[in-house]
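These are the structures in question, set out in turn.
What follows is chain A paired twice: with chain B in the first complex and chain C in the second.
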Partner chain A sequence: MILKIYYLSKLYLLEQIRRQVHLVTLFLAVILLMLPAYVNSFSLGLSAFERVAKDFGLTLISFYAVAMAIFLGVTAVSSDLERRTLYPLLARPIPRWAYLMGKFVGVLVVLVSSVLVLSCCLMLSIAALAKFADGQLIVVALCYALEASVLAAACIFFSTFSSPPLAGVLGVFLYFVGGLSQSFISFFLVEDRESPAVAMLARGLKMVMPHFDLFRVKNAVVYTLPLEPAYLLSITGYALAWMLLFVLLAERVFARKDL
Partner chain B sequence: MRVLSLLLLVFLFGPAWAQPPSASASPAEHVHDEHCEHEHELTEEEILHRHHQHGQEEVEAGSEYTSAGLHAQVENAPALYKFMIRESNSEPFRLKGQSVLVWRDTAVVCALNLVIIFWFYRRRQ
Partner chain C sequence: MSDLALEVRELRKTYKTVGGTQEALRGLDLSVRKGQVYGYVGPNGAGKSTSIKILLGLVRPDSGTALVMGHPAGSVEARRLLGYLPEVAVYHEFMGAEELLVLHAALAGVSASDRLSRCRTALEMVGLGSRMKSRIREFSKGMKQRFGIAQALVADPPLLVLDELTSGLDPIAQLELKELILSLKERGITIFFSSHMMSEVETVCDSIGIIHQGKLRAEGTLQDLLSIENRVAIHFRGPTDELAELNPQPAKAGEQVITVEQAGTDAALDRIRQAGGSILTVAPAKRHLEDVLHQLVTAGEAA
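Showing the complex of A and B:
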């Protein structure tokens, strides 16, 4: 069964290369390679340049990862359905859960490899000017990859019962509400706006959604704060649990689908 | 792709095409020089008195260069700015000891996964 998942994910990977998805990654990689030099021309000192370049670069990587996760997650199953390439696959002795798993592993490989390439580009370009390679940049970028992987799993689940545009909207909604931090809700909805009902609704929705704000540890690398290994391990476990949950739910819906 | 490359070029080299500063002194520098020349003519006590007065005016006006002025500015700042200040102050403490809470949430999600798996196998049988 593992071999089947491997072949399906390999097939998905080749399909993405044929669709030239990697060109977007390369385009952003060129921007990230030039970014520190560009920031350096405006900054007042070395520490300011490093902070701004890291902050801006990691924000770019996180937006890219989220956009790719929504795009790849939404189109992974629906594109096979639209082009009718799903039917010859399912006619073979491949269970539906293995098909979904193969697709998800393929999305995961594309996401993680893209984020790794981008973070390496950012690290190298900063190291070329600051004469110091900060390895924590890659760790933080991998946390963003975890966040994007959970979102991609959710989008695959949404795409099993809805159209691709609706699945994309649901994915964006999940990302925004799940990404609201507790301090954001208590400050803007309780203290500033004084609307506890909306705050309660936001908290209630957030309780049943993955907490994406846990993966955003960018400030640790920007302000050179220590990153606890226990925390990194815990968010990895958290992301894996949510990924498994979304894939299981997607399998339940996909198994019942009349194809 | 070509349009994107062009946009990237403009983005990268746009600031470099901006006009370099002229050799002659800017109006602001000119005013500053006059101010310095005038200060040379004053006695030390007068200069100190003027600086003290200037400081008092800044505090009253809520200037960002004094601590009182900075405090006043933060108090009157938009909500987003206040939130960002609070977030940046609490950041070192946010990550500390939060792994326990994350593990608790992970356990809840794992329990949910087990329920789905058992439900799935029961339906299969």
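Showing the complex of A and C:
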């Protein structure tokens, strides 16, 4: 069965490469590699540049990962469904969960490998100036990849019961509400006596959603703070749990679907 | 072990649609014996594709049972023994034909060492031998259909379920396909296919099922269905009013045709001559599958 999932992922990846999805990543990689060229125009000191470059680069990577996650998650299954390329595949002796898993693993590979490439480029271009390769950059970027993977799993789930545009909107909604930081909620919403209902709603919604803010550890590397391995481990476990949940939910819906 | 490749009992399916519901199957029964070539015909919207999708597990029935080679339809075991050609031929169009077929073979459980040769044989069988490296998107409609047939054959399954087998194929390809079906049949493979090409169904099928409005209306061999009795068709030109009791039907270009029992041929010919008509041809009356289908459909709609 593992082998069949591998073949399904391979099919997905080959298709994505033929669709030139990887060129988008490469385009962004080039932008990141050219960062040092801006150093004079910033006319900041080297350490300030480093900070700005890390901040800018990582933000770019995180947006990219989120956009990719929503796009790939929403299209992974629905494009097969809409083009009906699903029929010959599901006629093969594979259970539907394996099909979903194959897609998800494919999306995962695209996300993680893109983020890896991009963060390596960022690290290199900063190292070119600062003469120091900061490996933590990659760790932070991988946390973004984790966040994006959870989001992608959610989007696959959404796409099993709604149209692609709606699934995309649900994904964006999940990303924003699930990503509200605790301090943001307590500061802006809970303290606001005018609308306790809104605060309740925000808290309640967030409670049942993945806490995306947990994955945003950019400050650690921008301000060179230490990153606890235990923390990294716990958010990885947290992310895997959510992914599993979303894939299981997707399977529940998908297995009952008339195609 | 039963000798039925497909066994469908009392299958019902109602789709939910925008405006309400659409009943697609209303108690469908089917039995296809192993080794048979079975033609599945019926008008558009009769429920052919719906029932085939249920056999594949792509659609869930509301009630009834369906067994594929003795396994519940849609189970992995059932799908392992079955090659499927979908009605609409769409495949991952960015993939090369051979490349995609190898992946299909792998998913179907063909061992790694056999895959490539199996795929090449399958592509050659459907006449795509010279286009193995082409991407699917570069194929014409008929070529995609051929690819679909190759994809159904690739794992060498004992049962083929082919929806709209001849759709988009040129006349030569249809002839070749007929040969292919007969050679597969010789190897003992069961073939269940739906088609709108009655001539093809007539020539290759051992058994034919006619479905209309979600129910099987007739089933049997071609002979059973056509019930070729000893009737004779007489084409003639001449007055029709005086021959009204023979019930003449207009045929092409001012000709009339009457159909009579063989024993009454002489009498009928005499009557036509007496009335001043001239005989054009006298031939055994032949019914076609189309006629049977038409008759069943009009009868079904009247009921």
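Everything that follows uses one rule, which is that the second predicted complex is superposed on the first by the 251 of 259 C-alpha atoms of A that agree within 3 Å, B and C clash if a C-alpha of one lies under 4 Å from a C-alpha of the other, contacts with A are read in each partner's own complex, and residues count from 1 in each chain.
Keep this in mind: contacts are C-beta pairs under 8 Å (C-beta built on N, C-alpha and C of every residue); 3 or more make two chains touch, one makes a residue touch a chain.
No experiment lies behind these values; they were computed from the predicted model shown.
Residue contacts after overlaying the shared chain place A:87 against chain C, while chain B stays out of touching range.
Partner contacting the larger number of chain A residues, of chain B and chain C: B. Of the two partner chains placed by the overlay, neither chain B nor chain C lies in contact with A:116. By the touch criterion defined above, A:183 reaches chain B but does not reach chain C. In the superposition on chain A, A:142 contacts neither chain B nor chain C. Legend: residue contacts after superposition of the two complexes on their common chain; A:18 is shown touching chain C, with no touch to chain B.
By the touch criterion defined above, A:95 reaches chain C but does not reach chain B. Of the two partner chains placed by the overlay, neither chain B nor chain C lies in contact with A:169. Once the two complexes are overlaid on the shared chain, A:130 sits clear of chain B and of chain C alike. Note for the complex: chain B touches chain A at residues 4, 8, 12, 15-16, 79, 82-83, 86-88, 90-92, 95-96, 98-100, 102-103, 105-106, 109-110, 112-113, 116-117, 120.
Chain A makes touch with chain C in their complex at residues 3-4, 7-8, 10-11, 14-15, 18-19, 83-85, 87-95, 256, 258-259. Listed in rising order, the residues of chain C touching chain A in the complex are 15, 53, 56-60, 76-77, 79-80, 82-84, 86, 88, 90-92, 94-95, 99-100, 103-104, 106-109, 148, 151. Taken in their complex, chain A has these residues touching chain B: 27, 30-31, 34, 38, 41-42, 183-184, 187-188, 192, 211, 214, 217, 219-220, 223, 225, 227-228, 230-231, 233-235, 237-238, 241-242, 244-245, 248-249, 251-252.
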